[in-house]
Amino acid sequence: MPNVFDYAEVAKHNTAESCWVILYGAVYDVTDFLSEHPGGAKVILQLAGTDATEEYDPIHPPGILEENLKPEQKLGTINPDTLPATEKSPAETGDAVQDGAVDLESILNIDEIEEVATKQISRKAWAYYYSAGDDLVSKKFNNEVYRKILLRPRIFVDCVNCDTSTTFLGHKVKLPIYVSPAAMARLAHPDGEWGIAQACEQYGAMQVISQNASMTPEQIVKDSLEEGQVFGWQLYVQTERAKSEAILARMNKLPQIKFICLTLDAPVPGKREDDERSKNIGSNLPVRSAVQQDPSGSKTTTDSKTPEKAVGVGQSLFWGTAADLTWKTTLPWLAKHTGLPIVLKGVQTHEDAYLASLYAPQVKAIILSNHGGRALDTAPPAVHTLLEIRKYCPEVFDRIEVWVDGGIKRGTDVVKALCLGARGVGVGRAALFGLGAGGKEGVARVLEILKAETETCMRLLGVERIDQLGMQHINTRAVERDIYDGPAALERPSLASRIKARL
Amino acid sequence: MPNVFDYAEVAKHNTAESCWVILYGAVYDVTDFLSEHPGGAKVILQLAGTDATEEYDPIHPPGILEENLKPEQKLGTINPDTLPATEKSPAETGDAVQDGAVDLESILNIDEIEEVATKQISRKAWAYYYSAGDDLVSKKFNNEVYRKILLRPRIFVDCVNCDTSTTFLGHKVKLPIYVSPAAMARLAHPDGEWGIAQACEQYGAMQVISQNASMTPEQIVKDSLEEGQVFGWQLYVQTERAKSEAILARMNKLPQIKFICLTLDAPVPGKREDDERSKNIGSNLPVRSAVQQDPSGSKTTTDSKTPEKAVGVGQSLFWGTAADLTWKTTLPWLAKHTGLPIVLKGVQTHEDAYLASLYAPQVKAIILSNHGGRALDTAPPAVHTLLEIRKYCPEVFDRIEVWVDGGIKRGTDVVKALCLGARGVGVGRAALFGLGAGGKEGVARVLEILKAETETCMRLLGVERIDQLGMQHINTRAVERDIYDGPAALERPSLASRIKARL
Amino acid sequence: MPNVFDYAEVAKHNTAESCWVILYGAVYDVTDFLSEHPGGAKVILQLAGTDATEEYDPIHPPGILEENLKPEQKLGTINPDTLPATEKSPAETGDAVQDGAVDLESILNIDEIEEVATKQISRKAWAYYYSAGDDLVSKKFNNEVYRKILLRPRIFVDCVNCDTSTTFLGHKVKLPIYVSPAAMARLAHPDGEWGIAQACEQYGAMQVISQNASMTPEQIVKDSLEEGQVFGWQLYVQTERAKSEAILARMNKLPQIKFICLTLDAPVPGKREDDERSKNIGSNLPVRSAVQQDPSGSKTTTDSKTPEKAVGVGQSLFWGTAADLTWKTTLPWLAKHTGLPIVLKGVQTHEDAYLASLYAPQVKAIILSNHGGRALDTAPPAVHTLLEIRKYCPEVFDRIEVWVDGGIKRGTDVVKALCLGARGVGVGRAALFGLGAGGKEGVARVLEILKAETETCMRLLGVERIDQLGMQHINTRAVERDIYDGPAALERPSLASRIKARL
Amino acid sequence: MPNVFDYAEVAKHNTAESCWVILYGAVYDVTDFLSEHPGGAKVILQLAGTDATEEYDPIHPPGILEENLKPEQKLGTINPDTLPATEKSPAETGDAVQDGAVDLESILNIDEIEEVATKQISRKAWAYYYSAGDDLVSKKFNNEVYRKILLRPRIFVDCVNCDTSTTFLGHKVKLPIYVSPAAMARLAHPDGEWGIAQACEQYGAMQVISQNASMTPEQIVKDSLEEGQVFGWQLYVQTERAKSEAILARMNKLPQIKFICLTLDAPVPGKREDDERSKNIGSNLPVRSAVQQDPSGSKTTTDSKTPEKAVGVGQSLFWGTAADLTWKTTLPWLAKHTGLPIVLKGVQTHEDAYLASLYAPQVKAIILSNHGGRALDTAPPAVHTLLEIRKYCPEVFDRIEVWVDGGIKRGTDVVKALCLGARGVGVGRAALFGLGAGGKEGVARVLEILKAETETCMRLLGVERIDQLGMQHINTRAVERDIYDGPAALERPSLASRIKARL
């Protein structure tokens, strides 16, 4: 039954009417699947009639193919001798520095990790990781705002001991640093999300797994201890709720998953132009943006219909994501499908932080995040939101944990966030670039650097334990004057009543 | 009777005493017209004895020639074989990227539109569009001030629906974005202002036609629906009021023209050095500035007398413009000649905004504008004036509509202006560069990009309709501290009384 | 008697023991004069045994040679055939653009004037004009602070008429702009200070003549009208008071000199490194700084003893200048020697402005100046001092005139200074660079540009006369927050009493 | 007995099991010493089996070798003919500008000194001197903050006399400038710390000798007068207190040592990446960072165990330094071992300044210092701490002397620090770069420049003596708004009580 096809034969089926692709040496007829593809039909049609393995592999977890295609859609195998010579990636051709050749210990900081990784990984992977919204204002501001905060080192304090351990949601970790849900890790290195998990185990760090991981959650956690290693699962609620419910059921069964991280800062995709530009690198198709709507209608809706144009990796991931989540409907729905604590990611105002705190104990933590500057450009950095909460509703810190991400490049950044009241800080790009620089050892190097820098900073501040860090250790004058003081922030009672009324 | 002339014969008539020019293959004696030319005699004399078509065509609407010259001034036709080979423009020689060759969909933002257009259009057109006053401080500040305002995205809000429609002066439009009166569109592309109108129709956007349009108003609106498409007409009152009265009479007859936009921010021309420098490109004449006055007189007047020196495109357009407009005299005069609502363009202080609001209902809207930074350098951006009005006389927003222009490059800029109280925002250079990049499709691409960016921003703020945007969605701290707080702004009652006294 | 010497003979006399120089074809023995030279012996010794004309000429007024040397010190004449071929200056070799070749009308602003002049003049002249103290912080700040002030254009104001005329000390002038005392004008162009006077006459501008002018005051004013053209004379009081008394006597006889401008902002020379570096250009001597003092003494004095090291043009000019001036002694001494009004130049604090106002009517005006940033680096710009006076002792404006200089590059800068309360603004470098760009026509172009820009600015602000300009036309928020608010400024009564006590 | 070895024989002993090195022509077996080396075993192992003289010499004072090795560890001498040709340093090969060839008088400021020295000295020396923590934010800020302070020159003040002399701890000095404890001076020039002492004698400046000096204290002070020249000794307390006690005993015997400067701002080394990168220049070993800790333990301790990786010069110096100093234990211990006054270096908050003042009279001065930006990046500059003290606990200035270092490049910087209340300012890098530029004459040039600039500044401010400088001479508005105003600084009484409670 398994027929063997010549490439020339496959190449004829390159239209929406008859669309074949080669994956891992097998030939599939995906014509009927086109309309179901979460990433849209166009992405597939660009590869119709060709060997799509290289494009497909690093962004799809194993098993997905079998889950989505019927047996009869597998037509047979390709005769490998008929395949055209392809342009090889730098890694394949040996143009890239080989893994072993990168001396990770000679990399001294996170910026250098990015530099090394940028040379190692494909342009497409770089663009997906590097890109941020519009003009990258928020991405840059995320980091600069830490630089504007001054530290206040104390002298004559015994700093022989230094303990960076803390807890997240009651679970012990050795670092106040976790790896943020970062999608598509295998674009950077075959170790992928599993490699991140290995590095996290080595340093006692927590990891939040992206819903768009390029490996299955089971694969990612398989070499981790059931006890002592902490994972969370990122959820993008799907328009088809049943799909999300199935995912939740699966997570309920994995003991390493300690919480569900509901991502709220990107109900619609931001405009990441670097990513869009890279989409068709290697093909002859011009870059096409995601901005075309039906010009005749002043009112558009973001349903999951097939997009008409090719878009960046980032945009592809969004098709199918629900844009209709609300406090009133989504949290109760979640409670029905999982008993795991909920962490809300993407809070960017003190009002929403306050609101979230009213949903404790179902909601146990919030992550102040502007999605690494990838969603809405000129959105505020987490440092701003921390200062807003301190100013307008500090009781939030008593009710729920506050985590932050975005812009962390130094141990001093970690310490500053903790002084401001954050329980921990997430790093996303740093972990991915670590992976790109040296697989799991590269991620370990990132954690090693940040841990050592954090310890040095704590010692020079005269602080032995995380819980001793506070506002007396930092000078935030240069930032405070820019904190929001507009309407709704004026009186505290009205804050609560206004927000309640809004639900 | 129509004689045929050799070029050599025409070339002899190159002085103020006998000045001939070739236009569209015909030969004209314009000696008597020299002193009447709104752009001054010098501009014509520079072209005396030559084929002036290339210079003349893109900046004069059709019919103007016949209106201004007597039949006997048309001497005959030119023998085309005797014409010298001319230096061709990039577009003509094929050096420019051909229209069709520009893939508009690969252009992702307004800056890229400008980049592409800059390569396509003539140096003279670029200089006219790009130039601004003195050191371009205000032009740059117009945009930077938007970047300093932070957005405040809200989470857990259903953002499936998004509606960018609004009204201007009661007329429905699909976008809160309109095309500002931008002169000389045919310098960029033969589609000219008609092309802008076509793009506006496609996206339901309003257009304000420049008095210095390179096409007649009738040509511009000819393919637009009488109902559903909104145009305004920009008026520069002429020293010879009769000319302006004739224009108003013509507008009163065009049903698509819904209002008169009286431009007040440039009673005398600003100093646009890029424009001045480009004036004589292609000729061997050195650049000459407009700054020479009679040194012996400490008092000069800006009447419409023939300028002695060549000046930039911008300065040429100003000859004949009245500098003696006042609240007391001009608005009543206007009322006599048109029943159309009046929109005052160029308000730059809260005092003038307040004053304008006292003239409702004749005055129905004001446009906060520093003329794109083209008039007085270091004049405040519209964002400053919006914040001033909010602080000192917010009732202005209740009495009249407030529109803004200057510096808009992103959908987030549009949204920020609306949050601050603006009813809509105008784009001028973006539309012209869109035209330069790809004719009417280029303008459409500009509107498409801005519409999509605006929608993304609204959704990520958790806002479904324009009227929901407000100060709670933005953080203006970094701008507010620079807002005017000098005399006249100190007490509100004195504001009104002081201003009344001034009339 | 007039012997004729060969160059080889002269060249032997190149030491402090026997020092001959050639000047204008004559040979002088200046051995005895070495210790008397106001610029120090070293400057002369560097040229000992050579033709010093090129160095000497542009920085010494005619007649100075005869005044200072005895007849017998003139030894004879040089045999021109024996002179070595010298390196010619760009102007001499024709490498420089010829005067006529510079199209002054194509120069659109003050920065371009400087650019053109920089190419025309010698490196030494450039260094002297361009240089400022230390790191040029104050020089740059002088200009930037104007850029931070925003203008507030008013609309619907008749701006047909515009009158830039005003008065200084009661004398009518056509411009609120004057030429600051700028030394060594002939370094830039043979027209020198006389050329500046000619340009000032053309535009009705005032001129303050530098004590270090390269022409005699009589030469400078010789072609000016006795009535209607206003000059001041800058005085650096000499350690040998008799010299200054002789100068004052000479000024009392020149009817065009309307006041004495006593310069106080540079009792010791600032450190102008560009100038120091240029000093020996053309010679093989290394650059030597003026910073060497007797290291064994912690206490040094600035008497007029011969400096041991070569220094820049600026430092040379200072030898002989008195550093012991005081309110108590110097003003009475001045009153004894001249009845002319006194203008104090170099006020940089509101305390000194207030103090000066107590000396009216002898003192009729002050000039807020940090010496073009040439004296003490990080000294405040005049804009700061204007705002300080407004805040702490505004009555100063009622008692005396307040002039400013430093950083003026645009008509908008002129207008802003006037809005802040200045009666007029001085330009120094602009005039010198104008001279360098095109002699007296170049200076005229500078005035023409500034006049036109000032008028445009006034018109767009809706202002017809200078006296209408005020704080309501500018927004100084971005500057005000940096104004001094330390001790002595806290209470007004204590200001006066503290200052009085100090005298 | 003294055997003669061939290089090939020595080269075999290049492991931790058998480690020989050649020093000054002798062969040593340092195997047993590896674990005792204050700089760690790795540094030695990198040079095992080779001639280590070039690496060893400039960073170890004479006599240290004999002190630490037993006689039997000296195995014999090397046969010089068998030594491999080594890569010579620029100075050795003549590639560097020879000392005599640098015309120190042509160097006009401190930046130029650094420029010249950078060309002269080895890359390793440059890296050690230039490097600072992390991203060099504090290092740059140290200087920029001086530039933001404006000076307030006064006029009409007799400035003939100017006296820069002052006292430190009651000892007369001719300058308010001292040389900070700067390690490893012989890396820059053979004159080393002795050369600095010579220059200080010439200018009457104080010198604080680094504990890590490359010469013995006796050598450094040997040519200095017992009376009239002031030295301090910097102490890094060693984990093995007996070592420090021995040092103190030695200092008690040196009459020129007037105080002990206890360095507290670097109990653990900062992260100086430039220094780390340079460590192995010249060898083939890759750069290795100091950041590796045992990843399995969340708690690390900084004991003096042998580090596993090579580190920069700076890190090497830290091994053995105690991290367990406290107010309660260390000052009494010091009192037992020396009667010399104590100066505490590294105060960075007003709280610690206040605390130190409670320990007078044992503590006689504090040095506000962030270790030249070399310890904790984004630590505050001394100017901030000065302003904090002025605001929250000005009585500190009455109780103890306050010295500052970091960022001083100009005489105006010196004067500004004095105006803010500092008794004197230290320069570290400037002295080392002076040494690199020209040995002791280079250091003298640095002092000469700073003295002359300081005098010019004082004169132009109208100030004759150091003690006349005050807050009325500077405008600190641009800095004040960034000064810490967080908790603990809010009320004064609580300051003292809180701090007391903490002891």
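A, B, C and D label the chains in the order they appear, each numbered from 1.
Here is the rule we use: contacts are C-beta pairs under 8 Å (C-beta built on N, C-alpha and C of every residue); 3 or more make two chains touch, one makes a residue touch a chain.
On a predicted model such as this, the values are computed, not experimentally measured, just so you know.
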Same-site or different-site touching of chain C by its copy chain D, using the half cut: different
Magnitude of the superposing rotation for chain B and chain C (Cα, nearest 5°): 90
Farthest chain relative to chain D (centres taken as mean CA coordinates): B
Chain A and chain D, separation of their C-alpha mean positions in angstrom: 45
Centre-of-Cα separation between chain D and chain B, whole angstrom: 63
Touching two or more other chains - residues of chain B: 481
Which pairs of chains touch, using the document's own definition: A-B, A-D, B-C, C-D
Complex contact set, residues of chain C against chain D: 134-135, 137, 264-271, 273, 276-277, 286-293, 295-296, 298-303, 309, 323-327, 330, 344, 346-349, 351-352, 355, 370, 375-380, 384, 481-488
Residue numbers on chain B that touch chain A, as the complex places them: 103, 105-109, 147, 149-165, 174-175, 202-204, 410, 412, 444, 447-449, 451-453, 455-457, 459-461, 470-472, 474-478, 481
